[in-house]
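In what comes next, chain A is part of two complexes: it sits with chain B in the first one and with chain C in the second one.
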Partner chain A sequence: MIFSFELLLEAVVFGILLGCFYAAVSIGLSVSFGLLDVPHVAHPAIMVFGAYCTYLLGQYGFDPILAGIVLMPPFFLLGMGVYRFYYETFEKRGSDAGVRGIAFFFGLTLIIEVGLILVFGVDQRSAEAPYIGKALSLGEMRIPWRFIVSFGVALVLMTALTLYLSKTFTGRAIKAVAQDEGALRLMGADPVWIKQWAFGIATAVSALAGAMLIIVGPVEPSLDRVYIGRTFAVVVLAGLGSMTGTLAAGLILGISESIVLMHFGASWAPAVAFGLLLVVLGIRPQGLFGR
Partner chain B sequence: MGLELVLRDIEAGYGAVKALHGVSVSVSSGETVALLGTNGNGKSTLMKCVMGMVRPTQGSVTLTLADKTHDLTRLSTEEIVNLGVAMVPEGRRLFPKLTVEENLLLGAFRPQARADIGKNIAFCYETFEVLKERRRQLAGSMSGGQQQMLAIARALMSSPKLLLVDEPSVGLSPLLVSSTVAMIKQLKERYGLTVLMAEQNFHQAIRIADRGYIIVHGEIVFEGKTVAELETNDLVKNYYLGTAT
Partner chain C sequence: MKFQKLLMAAVGAFALSSAALAQQPIKVGMSMPQTGSLGAGGKAALVALQMWVEDVNAKGGLLNRKVELIAYDDQTNPALTPAIYTKLLDIDKVDLLIAPYGTVPTAPIMPLVKQRDLLLMGNFSFQVNRTVKHDKWFNNSPWNDASSWSDGFILNAQKLGSKTIAFLAADQEFAQNLANGARELAKKAGLKTVYDQNYPPTTVDFSTMIRAIRSAKPDIVFVMSYPNDSVAIVRAVNEIGVGESVKMFGGGMVGLQFTPIMSTLGSMLNGIVNYNSYVPGMKYPGIEDFLSRYAKKAVEAKVDPLGFYLPPFNYAIGQMLEQAINATKSLDHKVLAAYLHKNEMKTIVGPIRYGPDGEWANPRVVQAQFRGIVDKDIEQFRQPGKQVVLSPDAYKTGDVMAPFEKVRK
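Showing the complex of A and B:
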């Protein structure tokens, strides 16, 4: 292995862009799992579903980002519906909601995957936009525009959610709901309604993240399997429910993966996410930004 | 300001265990009423019946506000809070991983309180200076006394008309109990609050109460129209003061 400063710099720059992308695809989960304690293993599958919806809208000439934004309201409603169904059938009945919830969301994952295969087949699909396939040249470096776009979207999402959660009454109730539902009732807020609303927001965010997915690369129905480990690693590494932490954890994961990729080869990269997770949780069980 | 809380012939419990047997209690505008009794006699259950957290199997709970009577047994906890009833629950029930300020702001969740938020938070910080100093600190990392202050302040953030306080003295040192009670008294005078307070510390409770009930094994055994009546009652002597046998 030859060490080169240029190679390292390139790895870091690419890692930052990749990291922001990881943060963008994890932020919905940071709300649903991090703040609401819902074992939402279907999160990546919903994003892939969002990516396919983006693809469909693309057939009618929609730009992928615009498609992602247009998809947010219907996905918000979808999320509220999914949560309500989960609540009525599982959570309401109490005690081992966590374990049974995982079964529920795994089922949802399979339904989405099989549904996508039936409708679209197993072939890869990709989106078209002026910024896909082109790169920004910075000296020797070539930075793909599609990653710069996801970088921008990640920052906007992160800022918007952080502000929403800290500045609005509903946002603060979302932060409180998993800590003590009974106490939240005493504040005059209905915890079930709050969770349903928050799950809707998490799902709407996943629609936009799905658009990011198809901007960054072609998608296939089983793509969710690639992201399930990474997104959960980012959310846990961040410290459950911290939006700033999600960005930081995404960056750490992105940069270390990219350095490992360039210096040791692609097969080592996936091991990095969990290696990091184990080390950080060993030192700081509450995660980097956990309270 | 017409306000009247009436609990009539309440029977309530948890499954097969009955905690209240035909209890009747009333509280009207501007009064501070103490609900006295040692642990496990049904004080908290009675409070929870008012808040809709425990549903009585028999009897009625009504709140009259501005000549309109609400049947609290048919309303959810959130709806009762929205009428202007706030409770400082047993064990404080703060949100431990939120900051002091976030806890206070959540107290103002009900729409009617949002307009008063600036005024209320200024008042809370003025009354409880330590909360202002620690407003960025996580609620769970504060001492018991500070948490109790935060719980009371959070309830006040909802601009309540009726304040229920469940066992403010539990887990506090005698000095803190005394200052907490003094604080409630001060708040009550400034706000014109109506207060129903459950307490096992008789001496502290009668410092601020106008009158009180003594509850034993889920029944009201004595109703004192004045503090003097409570102090001279044989039962009180028996249960609290240890002078009678």
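Showing the complex of A and C:
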């Protein structure tokens, strides 16, 4: 084991950057699963799809972040379409109970994964940008720019979504549908439409998260499997539906992984991170920021 | 009269069924990773095997029967392979078996083939037969034990006067087997281990580990990684740097042999010393013709366009089966295994003679150093000299250049 305060400081800095990235890739799920209670296991696959779309736009000279932003409106529509289909075929008939709703999204995951293989093949794809492959030097410390960029985008995304959910009428309606769908109906709002809108937002956010995915590293069609555990862990640790909690949970997982990895051994990193999740849930079953 | 008619009908039916049997193809079955972390290599390998099937069928097949390849995607998931091979044997009724590409998907089927006493042609796996000791196992990979893989790297490290070593290895069967072999070799060579890290396969970023390696100041860094990890590690090295102490970096990084990955990493590869199976400039009879035909098929199949690493060795599996079946006129696994043990095989990856454990008697693992690589140019990798062969001596094209950070510039 190598230990020095300099290395510890670096581990914390890397952990913060990694944690913000984890939060960014989980925020869409925080809306769809945390707020809407939809078992959206296809969330990482949609992100990977977003990453491939970013790659495609990159072939026409788009910067990955710009590509992610451009992709948000079509992904918003895609999300609305997916939710409407899910609602009509499962929720409306009451077929979403238990694991049946999950089956729908597992199916969607498979379709996306196989579709990507058929179109792009199984090889890795990566994006190019001036901030990929370079690092910021601060004395002995070198911080990859790709993580700094994803850190910045994650913070902007979190802030924007938090403000949207708390300050706008539709945002507050989304929070309301999460709390009491019946009460929302009594207020004259259509909960199905609100959920459809919210699912669209979650999917649009996934497009930008996909752009961050391909900035941080190359992508391949089955990459969603790496993120499925982490994203659900972040959302559950946060307390379902809490945006601030998602950021805090991402940071906790990122920093703990990074410190353990640097000082104790990489094999322990996921065990410690998920062990932490169990401890927190043992003390606060509703998660860090859950009510 | 009625009896005669019946007799004639029976004879006719028998003749027809015999003819039909002769028309039935020889089924060769396998699972192949076509998705997941080994998918890119697996799909390219499958193209080569299909080429062999087409070639052998164009010559009239084997034992006057066409050859048919049945391949299922195992998704690089070792949990799936035993069921796939059971299906191949019990439902598809295949005549011959080829193992999936890679150690991890192959290891779980070893007990099955041993129990049923079947011939299994190995496919670039590492030491899966070490404990099983199956006498009908024949691997196509140019290595045998752990030392055959790492000794070229360690030998060159010694030439540079290295005293310390760092290890970074994936926490999976293949990488751990290889790492243990390299650790033993390093110990014998008197190299002191200053950093030794196993990482889980789901690791997203390696910056922290590369930073820790830089802090440990090793003379050489031996890495055993899978394709996705290899890319992330090389990127992290490019950003963070491994420090001026490091003379050599690489060793057992899977993926740096695949064209799409080499093309993606481009100049970031410079200086890395890594294992390979074949690099341009090595002369084997028939390999250049194979590679030019493969290049056309690869474009259609959207797989590795150069295909130096796996495809020729997969084609060689077919060649070995062909040679053994034609010589023995048999599909009996016992007969074929006896032939493969006794005779030298002529393939496009050179002559192969097997040891008692079913691995190559004379391993030919190449350790080569990337030099003069530029970004965004796939064609450069066809040129000899872009990967300078450091070992084995018979194919050596240059000496190792060090220190690592200096060679990269």
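The working rule: the second predicted complex is superposed on the first by the 285 of 291 C-alpha atoms of A that agree within 3 Å, B and C clash if a C-alpha of one lies under 4 Å from a C-alpha of the other, contacts with A are read in each partner's own complex, and residues count from 1 in each chain.
Operating definition for what follows: a residue touches a chain if its C-beta (ideal position, glycine included) is under 8 Å from a C-beta of that chain, and two chains touch if they have at least 3 such contacts.
In this text, all values refer to a predicted model and were calculated from it rather than measured experimentally.
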| item | value |
| --- | --- |
| Broader residue contact with chain A after superposition on the shared chain, chain B or chain C | C |
| Contacts of A:Glu10 with chain B and chain C, given as first, second, both or neither | second |
| First (chain B), second (chain C), both or neither touched by A:Gly265 | second |
| Partner chain(s) touched by A:Gly133 [first = chain B, second = chain C, both, neither] | second |
| Touching partner for A:Ala183 - first (chain B), second (chain C), both, neither | first |
| First (chain B), second (chain C), both or neither touched by A:Val235 | neither |
| First (chain B), second (chain C), both or neither touched by A:Glu220 | second |
| First (chain B), second (chain C), both or neither touched by A:Arg172 | first |
| Partner chain B, residues of chain A touching it in the complex | 166, 169, 172-173, 175-176, 179-180, 182-190, 291 |
| Chain A-facing residues of chain B, complex | 51, 53, 76-78, 81-82, 86-87, 89, 93-98, 102, 105-110, 114, 138, 154, 158 |
| Chain C-facing residues of chain A, complex | 2, 4, 7, 10-11, 14, 18, 21, 113, 117, 120-124, 126, 133-135, 142, 144-145, 147, 216-218, 220-222, 226, 229, 258, 261-262, 265-267, 269-270 |
| Chain C residues touching chain A - in the complex, by the definition given at the top | 34-37, 39-40, 42-43, 75, 171, 195, 197-200, 202-205, 207-209, 211-212, 215-216, 227-228, 231-232, 235-236, 238-241, 258, 260-261, 264, 268, 302-304 |
